[in-house]
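The structures considered in this document are given below.
Consider the two complexes below, in which subunit A is the common component and subunit B and subunit C are the respective partners.
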Partner chain A sequence: MTELLEQIFFALMLSSTYALISVGFTLFFGAINIVHFSHGDVAMLGAFCGIILYGILGLAGLGSMPLWMVALIIIVVSSLAIGFVGTFFERMVIKPFRRSPLLMVLVATIALGIVIRETVRLFYPQGSNPQVFPRILPQTAFRLGSLQLRVDHLIILLISVLLIVVMFLFINRTRAGLAIRAISQDMEAANLMGINSDIMIATTFLIGSILAGLAGVLIGSYQTVVRFDIGLMGGIKGFSAAVVGGLGSFYGAIAGSLVLGFVESLVSAYVPGGAPYKDVFAFVIVIFFLVFKPSGILGKAAPVKI
Partner chain B sequence: MKVLEAIAFFGVEIIFFLLVFLFLVFEKTLSIFGALAALVALSLLVGRYPVLHQFLRRGFSTYKIPSILLGLLFILVLPILLKERPYHIFILFNAGLFALLALGLNWQIGSTNIVNFATGASFATGAYTAALLAVHLEWPFWVLLPISGLAAATVGFILGLPCMKTKTYYLSLVTMAFTIIVYLILNNLDFTGGPDGISGIPFPSLGFHSFGSPIRLWGLEIPFQANFYYLVVVLVAITFLVDQRFRYSRIGLAWNAIRNDEIAASCQGIDILYYKVLSFSANFFFDGISGALFAFSMGHISPESFSFNVSVTVVAIVIVGGLDNPVGVLLGSFLMIIIPEKFQVFQDYRMLIFGLIILLMLRLRPKGLFPPSVRTYG
Partner chain C sequence: MKGVRGFAIGLFLVVWTLLFCLSPVAFSAEKNLVKLGFIGPLTGPNAAVGLGARNSADLAVRQANERTDLPYRFELVVLDDASDPTTGVAAATKLCSDPLVAAATTHFNSPVGLATIHVFHRYGVPQMFWGGIHPDITNKHNYLEVTRICPNTLVEHDNLVNFVVQKLGYKDWSIIYDMTSYGKSCLDAVKRSLNKVGAKIHSEDGIAVGATDFRPILSKIKALKPGPQVIYYGGVVTEAALIKIQMTELGMKHLYTGVTGMDSETFNATAKEAAEGTLIIGKAHIDETSPFVKAYKAAGYKEYYEATGPYAYDAVNLIIEAIKKVGPEDKKKLAKAIREMEYHGILGVTKFDEFGQTLSGGLNVKVSQDKKWVLWEGSDYQKGKRPIPGK
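This part shows the complex of A and B:
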């Protein structure tokens, strides 16, 4: 029982990092009906940004600051930086294809993913090797009843949930969020109402990429090593989570992330010899969902337009 | 006048082949670049002036057989001209393998608008079927070639059926997930050798001639890579003919109709499920053959060769070459596979350049380098 509860806690932590990425997919798809396949690589940039920042802080002689301050600086600065990087990518790679067929955006963002990964591999010092991520979160354990839980996992879970709630409030309670929702319903009508769709779409990408950057830092801090190609898998998983939950639905992205996170951690804990196959299980479930319930857990089935 | 025209037409063809040859033999970055630039200038010139384009078109329809024969002669003689450079014959062979994959994928992405990212998986199915049966049961290559094709086609059929329930992004995600599943399974299963893969696949042989030994003809000795080169040329030619038969039959028309408007097509009585699954199976069949050839030419395979990157490479070839244009796809695989190999200086940067080329192409020539001409009937 104790072990099961510990596994559930780990699965929640894992799901929350997936949710940070998959919420971005859902946001972009909701706003302009595109899938940003390099979103996972943007998240990977967040992790590398965190490593670089840690190095800079050390050089600036601020390494003696209390750990929580270092962690705070790294998390905030990397997320914001990646937010702007993501917006830049939208401007350069996605915006030109807004009126093109679907295949174009798909391939363009996959190509962008290749460019991001290769740039890190080639131009980051020894980029093709795994990089050690600094220990910015305390990796000690604490007891909760009979449970043995890790502090950093708890912090990751709390930060992710907090940020997702903040983003949810932003989308649902502010004027800017209202504008984004208006664009996702009907861009032309929104434009006629005086909404600048270019700025609002850029804002959407800013928010989505901030969350992705945060996801990168958090994933880096619990995996302790990161490599240039973690974004490929991260991106496909984030997208899968969004699809399983129902692409375009906010709660769906979270539900999908929970499904993937739980399948992965439970399979590697309880299926004998299952650990190497945890991703296989996850993707088989994704395929089943796509085939038998393509609208996802919470998505609305889209009627076919003629 | 006629004679002059003929001379001019064949002159252009010979200049084109000469430039291709120079591009292949040059070794200094600057001169390779020069040959490439001349090729690009030639094609831009033809694209810029419709007169030239029409002239070449007319010439080709008048002298269809002699000009194709000249092309075949060039392809056959190429290994003899390159006999001091076995590596170049090998990369030409590689381009041929990717041409097989890309011609097949073109039926999906180009003709039917099914954005399939499962090429890595089908390529792997063919390669592993051939490798396992060759190493454990010692089946001969010539039997395994069609068998691997059939094995991959079966996988295509099985994957194709559920895929038919999905569309657009969802379909792409299913195929991506499938490629990753196959890759992960190959990496972890014991009898496929895990990450080490399978080695010791014997060279095929034809009669008494082993593909591992050089070809000796009239005192000439052509390196052994030429065996595989000629084989892949034959296979690409067969695939191209199959492509032409598909294209100019009801099947090609049905595929194009589905691409243009699925609902309208089904209202015309086209069996969407049948034609889509057919395009899956046909594509996977040739992927499987390509995979078997890959396994036998390398002698060793490992999961690394069948990752998601293979799928992306082949999709990129089809898009850069020209959607729904088999000639464009052939030229695309030649360009995309050989150019990165030629510029040794940039060897490390090849994937980066690859990504940048795709991004630029999508911006500047979204229909590919060689867009298809409009159908003349149907």
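This part shows the complex of A and C:
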């Protein structure tokens, strides 16, 4: 029983790392109808930003600061920095294609992803090697009945859930969120109603990229090592999770992430010889959904698909 | 007449220039230049090891050039294999195409070596492995050109199993391995060694290189009843460190072991406190006060020489001694001379068997203590000051 609970816990942790990325995909698709393929790579930038910041804090006298303060600074500064970087990318790469077919944006963001990855690989010192993410969260363990849990894992899980909830509330319960949803339904009508679509789109990207930056820091903390190419697989998995759950639906993004996370974890543990092929199993599920229920678990059937 | 004279002068100048361009060796001042190749992972996840080995090979070449008894000037040609077979084959081809390259010392990763031995054999260039422990590198084709100055995986695992099973008394093992040919050769070797001593294997799990989450597998091993005392990992540093970190997260107190793939300070730097108590068969131990270490430090290399540096150092020196004997021009003669060498270096005595495999290789049992690899002999664990992990 303990083992099963433990497996479920780790499956949940894995699902939350995917959810952090898939919610971003859902945000961009649901709000402005674009598939932002470099979202995973922007999250990777968040992880690298965290590593760089830790190094800077170290040079500036880290020893005197308590760990929670270090963690807070890294989380906040990384998220904000990547938020602005993401918005910059939007202005440079995505805005020019606003009136073009959706395929153009897709290809542009794929290219952007390549540029981000290769820039890190070439210019970050020893960029092609795995980098150790600093331990900014408390490493203490405690027992809950027969289960052994760790404080840092719980913090990561908690922040992930909080983030997704905040995102959901922002889109559905605030005026800004309402404006974003209006733009996604009909940009011209929204403009006529006095909504500045340019600013709202930039806001969406700011929020989505802050989420990506934060996701990078959390995923870095959980996985301990980060590489320049984690954004590629992470982005594919996050996107697949969003698609499985229903692109455009928040609950769908979470459902999809749970499906992917659980399939991978349980295959690793219980299918004999399955661990190296866990990705195969996960993507077979994705294909299954695309063939039999393309709108996803919770999505509505859409008339147009790329 | 003027036209003919002009033409003659022009023709003479052209021929004169071509003669210079086409015979660099004949006309250059460095007529006894001998190039030695070095290929290793200078980038990628094993870069620390590759750079340390490169520096050690470079030190050997520098020292050789200061010697007065050699009629040659040596130059080290350094190429990167990035731990990738395709890149390695391209580097090997480039190296072998240069007629001035007499011999090369290569590779940390067995999969790369298994691909490049055919290139070196085709060109007839002697190739000495300073790393890479897959038996097939030497034993499968037994190419004359190929030798290995480090021990192979069968020897390493026999040593490991003899120590852990017979000396420490741990008979119950779980195996995790990576899916490269190195990891699979470790799996085969450890199973062979464990079956020889009658130990019990509770589980076998393969993982993909580049994966970062091993918690499901470890959780499954943790729940096995009666469980293993030892968790063995067959693979290289990054995944090895992550597994140990996650074992610690799960509160697993098994003894964690492996062989030389884990013998790198990157393991301790990545796993930090979690590395404590990991026990491996490590490569040769070189004393801090030895001339090699002193010279290495004096040369001011940025990177640590790592466990494989001394092997690259002795490899280059052995090749140079062979060149001193038979000269660099006839590569087949050189390959034979290398095979027949009995060389005394910092690793001790190096002699090759009928497959070109060294019979010694300076193996040691090492344990991770305070985030550093130390010899088992003299460690707190051996003295009983710290408890040995495993039940």
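Note that the second predicted complex is superposed on the first by the 301 of 306 C-alpha atoms of A that agree within 3 Å, B and C clash if a C-alpha of one lies under 4 Å from a C-alpha of the other, contacts with A are read in each partner's own complex, and residues count from 1 in each chain.
As a working rule, a residue touches a chain if its C-beta (ideal position, glycine included) is under 8 Å from a C-beta of that chain, and two chains touch if they have at least 3 such contacts.
Being a predicted model, the structure only gives us computed values, none of them experimental.
After superposition on subunit A, the partners subunit B and subunit C are seen to fit next to each other with no clash.
Within the superposed three-chain model, A:L14 lies in touch with subunit C and out of touch with subunit B [touch as defined at top].
With both structures placed on the common chain, the touch criterion links A:P276 to subunit B and to subunit C.
In the superposition on chain A, A:L154 makes contact with neither subunit B nor subunit C. In the superposition on chain A, no contact is made by A:V76 with either subunit B or subunit C. In the superposition on chain A, A:L102 makes contact with subunit B only, while subunit C stays out of contact range.
Once chain A of one complex is fitted onto chain A of the other, the partner contacts of A:E3 are limited to subunit C, with no touch recorded for subunit B.
In the superposed model, A:V115 lies in contact with subunit B only, and not with subunit C.
In the superposed model, A:M65 lies in contact with neither subunit B nor subunit C.
For the pair subunit B and subunit C, the minimum alpha-carbon spacing after aligning on chain A is 5 Å. Common to the subunit B-facing and subunit C-facing surfaces of subunit A are residues 276, 279. Considering their complex, residues 43-45, 47, 82, 179, 205-208, 210-217, 219-220, 222-223, 238, 241-242, 245, 249-251, 269-270, 272 of subunit C touch subunit A. Residue ranges of subunit B in contact with subunit A, taken from their complex: 109, 113, 115, 162, 165-166, 168-170, 172-174, 176-178, 180-181, 184-185, 187-188, 263, 308, 312, 315-316, 319, 348-349, 351-352, 354-356, 358-359, 362-363, 366.
Partner subunit B is touched in their complex by these residues of subunit A: 35, 93, 96-97, 100, 102-104, 106-108, 110-115, 117-119, 122, 232-233, 236, 239-240, 243, 247, 276-277, 279-280, 283-284, 286-287, 290-292, 294, 304, 306.
Only residues 2-3, 6-7, 10-11, 13-14, 126, 128-130, 132, 135, 141, 148, 150, 153, 223-225, 227, 265-266, 268-270, 273, 275-276, 279 of subunit A touch subunit C when the two sit together in their complex.
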